[in-house]
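Next up, some structures in structure tokens.
The same chain A turns up in both complexes below, where it pairs with chain B and then with chain C.
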Partner chain A sequence: MASFFTTRLFFISLALVIIAATLPLYVSGYVLGLLTVAFYFGVFAMAWDLLFGFAGEVNFGPTFLIGVGAYTAGILNAQFGWSVYLCIVLGALASVIAGLVLALPALRVRGPYFGLTTLVAVLMLQNFIVVFADLTGGEIGLTIPDVITINAGANYWIALGFMTISAAILYGLSQSPVGLVLQASGQDPVQAGALGFNIVKHKLAAFIVSAFFSGLSGALLVFYFGTASVGTVVDVAVGVNVIVSAVLGGRRTVLGAALGAIFLIVAGEFLRPTGELATFIVSAVALLVVLFFPGGFLGAALSREARS
Partner chain B sequence: MRAFQILIDGFAISALYALGATGFTLIFGVSGVLNLSHGAIMVAAAVAAWAAASILNVGTYAGALIGVGVALLTAFATYFAVVKPIQDSRRIPNEEKEIFVLTGTLLWGIMIQEVIAYFFTNNAKTVLPIVDGVVEILGVRTPKNEIFTAIVCCFVIALLWLLVNRTRTGKAVLAASMNPRGVTLLGLELTNIYVVVWAIYGILAGIAGVLLGMFLGVSSYSVGPLTASAFSIVVLGGLGSVSGSLIAAFVVGYLETLTAYLISPAYRTIPALLLLVFVMYIRPQGLLGRR
Partner chain C sequence: MDMKTSNRAVLEVRGLTKRFGGLTAVKNLGFEVNSGEIFGLIGPNGSGKSTAMKSVMGIERPTAGEVIFEGENVAGLPAHKIARKGFGMVFQHSRPLNRQTVLENIMVALLPDSLFMLFPDKALVDRAKWIADRVGLGAVMNRRPPTLPFADLRRLELAKAIARDPKVVLVDEPFAGLTRGEVDVFSDLIRSFRDEGRAVMLVDHNVKSVAALVDRVLAMYLGEEIVTGKAEDVMKNETVRRVYLGGAIETHARPETSFKDKVPLLQVENVSVFYGKAQALENVSIHVHEGEFVSIVGLNGAGKTTLFNTISGFLPYSGEIARGGEKLRGTTPAKIARSGLVQCPESRELFGEMSVRENLDLGGQHLTDDKRATQLAWLFELFPILKERQGQMAQTLSGGEQQMLAIGRALMMQPQILILDEPTLGLAPVILELLSKALTKLRQTTSITVLLGEQNVTFALPHADRVYVLEHARIVWEGDPGRFAAEAGADFL
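Up next is the complex of A and B:
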């Protein structure tokens, strides 16, 4: 772990964060707004990568965790008028509980069966939001009265700081002995168990950590947008974007997932002039990366470095 | 009166679900591939049939044939452009191929969906039905098209059963689903079997798509829900078990129809989802699945 502070990856990350931190001094509010959303998305993707890349759990429903965190925070603020910071903390806690609920089937079923269970969880949450429209705002969405700040630069710094801290914690965790046990239990649970590691405990921990960061990021995003809607934090399409980000950036790298998310959001914006074809182009690029560079951006870069 | 209506409507919907899900489960049983572009292929078939009949005026029969043909081509494209490269790739470790196939076919499905939306807009399209008019069955006014849908679905499924159980090719497919290595040892080329299975899948998905287009109408927004419903029917029945999927299709079809008629169409999908979660907890391998 200590040797990490002398690696090239560390210096590149540090340089990128420093450059990113100075951006508000010379770019427009529009670019800052875009990157703010991209940073929150980066945390979604990193949290997903911890579950998939390390624990080996194919979670098709990242938006279940994100949505529970986002809507809990939003509802507590909009319907009960609780303070923003309390709502954010409670949102993250609600998401942890959701993570535990999701972990129950994961300990019983594997692979595609677990994937479907998570997908169903998202669909149920979506149905719940639509059916209890009085509480949740239904399909139109929930308008949230409070925001953290309206200053674009401050919002940007909050998002950047949050992403950097999350990345440091998640990456550190993934490289720690706990991360290695998690990786082993994801790849061969029987053998990892035979070596004396408590797989259930490690997997539960992975679900809790992943849910905590997803929910926290979802709650922060809601207070940045000022609304919570199915289309932005719950829809299956949002979950697909999170998964594509992580695979694009390089699974099992954690940091790559954040890069993938930023790329996906910025590329989507650059392609906006192409109108309806934007989604097509982004999907096609992602498919090509999946087919020809299965390690993703960071995976390809790291393997080249390892070779040289 | 209402009971008969639920019985008849439910049967047509269930038969359609069954047809859509059989191909999906067949591919999984034989090659372990979960094809998440399934909904996109069905919609492509329906939109092609609609475009051929309504824009090119080729007639309903030729239109339906064109629809099935397009589904067949799309299924082959899915196999050769997405699934096979991933299966053959040396850079992807074997235990991760499953998630790569899932991601790859998901992206491919989105691409098909976007192409359809770009050329034919997002509007819902209803394919002109092959048979017109209504008949009265047990006091229920039923469109003839609904009966036609049910008959075609049952006929095609029966044909599939004959193909798999009574022909040499079908037996090879069955053998491959039981033990791929054993089949290769007997001198059969596994790739050929996969191509046959994808062809069967393309035709089944095409017929299901065209019938769906005639019965309920489709738009590029139906892609996700169609994939999700096929996926849940197949998991409910047990992955890879064709008879399990058939039973599950009827359970889900009737459950949805009952909810839509007796409670509210808005809650249509909820009981089926609850049932799915329940089955996952008490019997994770599905109704007729093997572990």
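Up next is the complex of A and C:
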């Protein structure tokens, strides 16, 4: 663990964070706004990679966890006027509870069925929001009275700080002894069991951690946008973007997932002049990476290091 | 070492039974293993030995019976609880963490089952280093698994299994994929586990390969114990000999010169196949004439299935495979099968949720309606039971009926060459007789060329014109089935 602070990966990450922290001094508010969203997406993708890359479980419904966190925080603020920070914490907790309720039965089923269960959960949440429009704002979306701040620079720094801390915790966790056990459980459950590890317990813990960060990030995002809507935090398409980010950045790397998310969002914006084609081009790039470099951006680099 | 007085049975298994649906894989098995003893569980493929071992470890939940460890019945507990009580298992296939070093891989095995172990303990690192040295990984402990040779990966499995100092060590096929020299080294390692006072239980296919290592052996067949005793006594046992070698075998070989084709119909020349680092076939050459019945005899793991899958076009290989003088390389498996080189795989691969008739029709899908009807009528004559079962779902058939259906489906493709991979796997003797009769009929009434892979010699020899013996990825014997027992039989006990 301690050796991490001497690796190239650490210095590169540190340099990137420092450079990123200085951006508000010389780039436009538009770019900052874009990156703020990208950073929250980075946390979604990292939390997802903990489940897919380490626990070996494909969660097709990352937006279930994100959406529960986002809407809980948003509704509590809009309906009861509770403070922003309390709402954010409660949003994250709601996401953990929802994750637990989903994962307990879902981890009992094997293989693709776990993924299908998570996918169905997203559809249920989406329907719930549309049906209970009085509470949730329905298809139009929920307008949230409070925001953390309206200063673009401050919002950017909050997002960057949040992503950096999340990355440090999630990466540290993945490299810690518990992370190794989790990885072993994901890779060969039978052998991990025979080595004396309760696989369900470890996977459940991973799900809870993933839910916490997804929900927290979702809640923060809502207070940045000032609205919560199905199209931004719940829709299956949003979940697909999270998954593509993580795979693009590199499975089992955690940090790569954040890079993937930033790439996906920034590239999408750069290509905006191409109009409808933007999504197509980004998707095509993602497809090519997945087909020819299944390890992703960071995965390819790390496994080359592992072989040497 | 005075084993009689100082040791008591650390592991006692009584009435162990494991059923999968209607199939009883392990039936009322009982044995005990003392500390400081190496105990072998031996049986041909499909005899239930691996299932028995998994049931002891808790990977499979026993249907009935007791697994008593130091006086406590642990049967029915999940694997991780049994492991924590003092069991370690060496797996045959290793899947180490590739981005972690050998040392870190060993450390994983040492960790407590806790969610709050965030920083590794210095004591754990020292212990992991000691274990690495102990199994001969000292020099490579900072390397990552993808850079290691196969034998070192196997050592890593040993290291993980003994990491938490288990009282019982279970080893699944200790020597699979190892060279002769490596076998000696691993034997010494396993002996040293015994000398430390652990109870060691091995699972393997035949007595001979582990005879020098084990103190006692239990030979099993079709889920049941045949005999338990010292290796040499078990090898002398009549039933064991019959299971492995069969009784007096009547052979009907036609001399090779009676086949008129100048170039053999199927030629396999110097074929080698690797699975990652493990060599599955080493310079294998065989040939089969048109209309000939050739048996490839070898134990589980010898490479039979690999050879057949290579011929069927599923695996990359070096060397050449030619059919009728034309090289097969580059032809897709589907094209090979459709052109009349049809494999009936060991695992049968039936379409379980389709009816018997639908399975057969799929086999004859490329035929015209008339031809398919004729072929089907002929097939029902060969396997009358399939006619009765036409409407039944394939997965509800008995094992023997499923095997007949698998062969039937292959025959519906009107093969020129039929490859049968272990058709007798896990089947009762009565069914074997039925299958045997069908093969006799096939040989006498059709011109189909047959390549049969078997570990059951009794089944493989009577039909064969010629026999190859495959052992540890190589062809070690070729000849007339009549000479087999005298020249190659001893290796099969």
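Here is the rule we go by: the second predicted complex is superposed on the first by the 303 of 308 C-alpha atoms of A that agree within 3 Å, B and C clash if a C-alpha of one lies under 4 Å from a C-alpha of the other, contacts with A are read in each partner's own complex, and residues count from 1 in each chain.
We adopt the following convention: a residue touches a chain if its C-beta (ideal position, glycine included) is under 8 Å from a C-beta of that chain, and two chains touch if they have at least 3 such contacts.
The shown structure was predicted, so the numbers you read here are calculated from the model rather than taken from an experiment.
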Chain A as common anchor, with chain B and chain C clashing or fitting: clash
Chain B versus chain C as contact partner of A:Ala205, first or second or both or neither: second
Contacts of A:Leu277 with chain B and chain C, given as first, second, both or neither: first
Which of chain B and chain C A:Ile150 touches, first, second, both or neither: neither
Touched partner set for A:Ile19, first chain B, second chain C, both or neither: neither
Chain B versus chain C as contact partner of A:Pro177, first or second or both or neither: second
Which superposed partner A:Phe197 touches (first chain B, second chain C, both, neither): second
Partner chain(s) touched by A:Pro112 [first = chain B, second = chain C, both, neither]: first
Chain B versus chain C as contact partner of A:Gln187, first or second or both or neither: both
Steric overlap of chain C with chain B in the superposed model, located at which of 97-105, 259-267 or 331-339: 331-339
Chain B and chain C footprints on chain A, overlapping residues: 187
Contact footprint of chain A on chain C as seen in their complex: 57-59, 78-80, 83-84, 87-89, 91, 95, 97-100, 104, 107-109, 111, 113-120, 144, 146-147, 160, 163-164
Residue numbers on chain A that touch chain C, as the complex places them: 1, 172-173, 176-178, 180-181, 183-184, 187-188, 190-199, 201-202, 205, 252, 302-303, 306-307
Chain A residues touching chain B - in the complex, by the definition given at the top: 52, 58, 105, 108-109, 111-113, 115-117, 119-120, 123-124, 127, 130-131, 187, 236-237, 240, 243-244, 247, 276-277, 279-280, 283-284, 286-287, 290-291, 294-295
Residue numbers on chain B that touch chain A, as the complex places them: 34, 82, 85-86, 89, 91-92, 95, 98-100, 102-104, 106-108, 110-111, 114-115, 117-118, 224, 228, 231-232, 235, 239, 266-267, 269-270, 273-274, 276-277, 280-281, 284-286
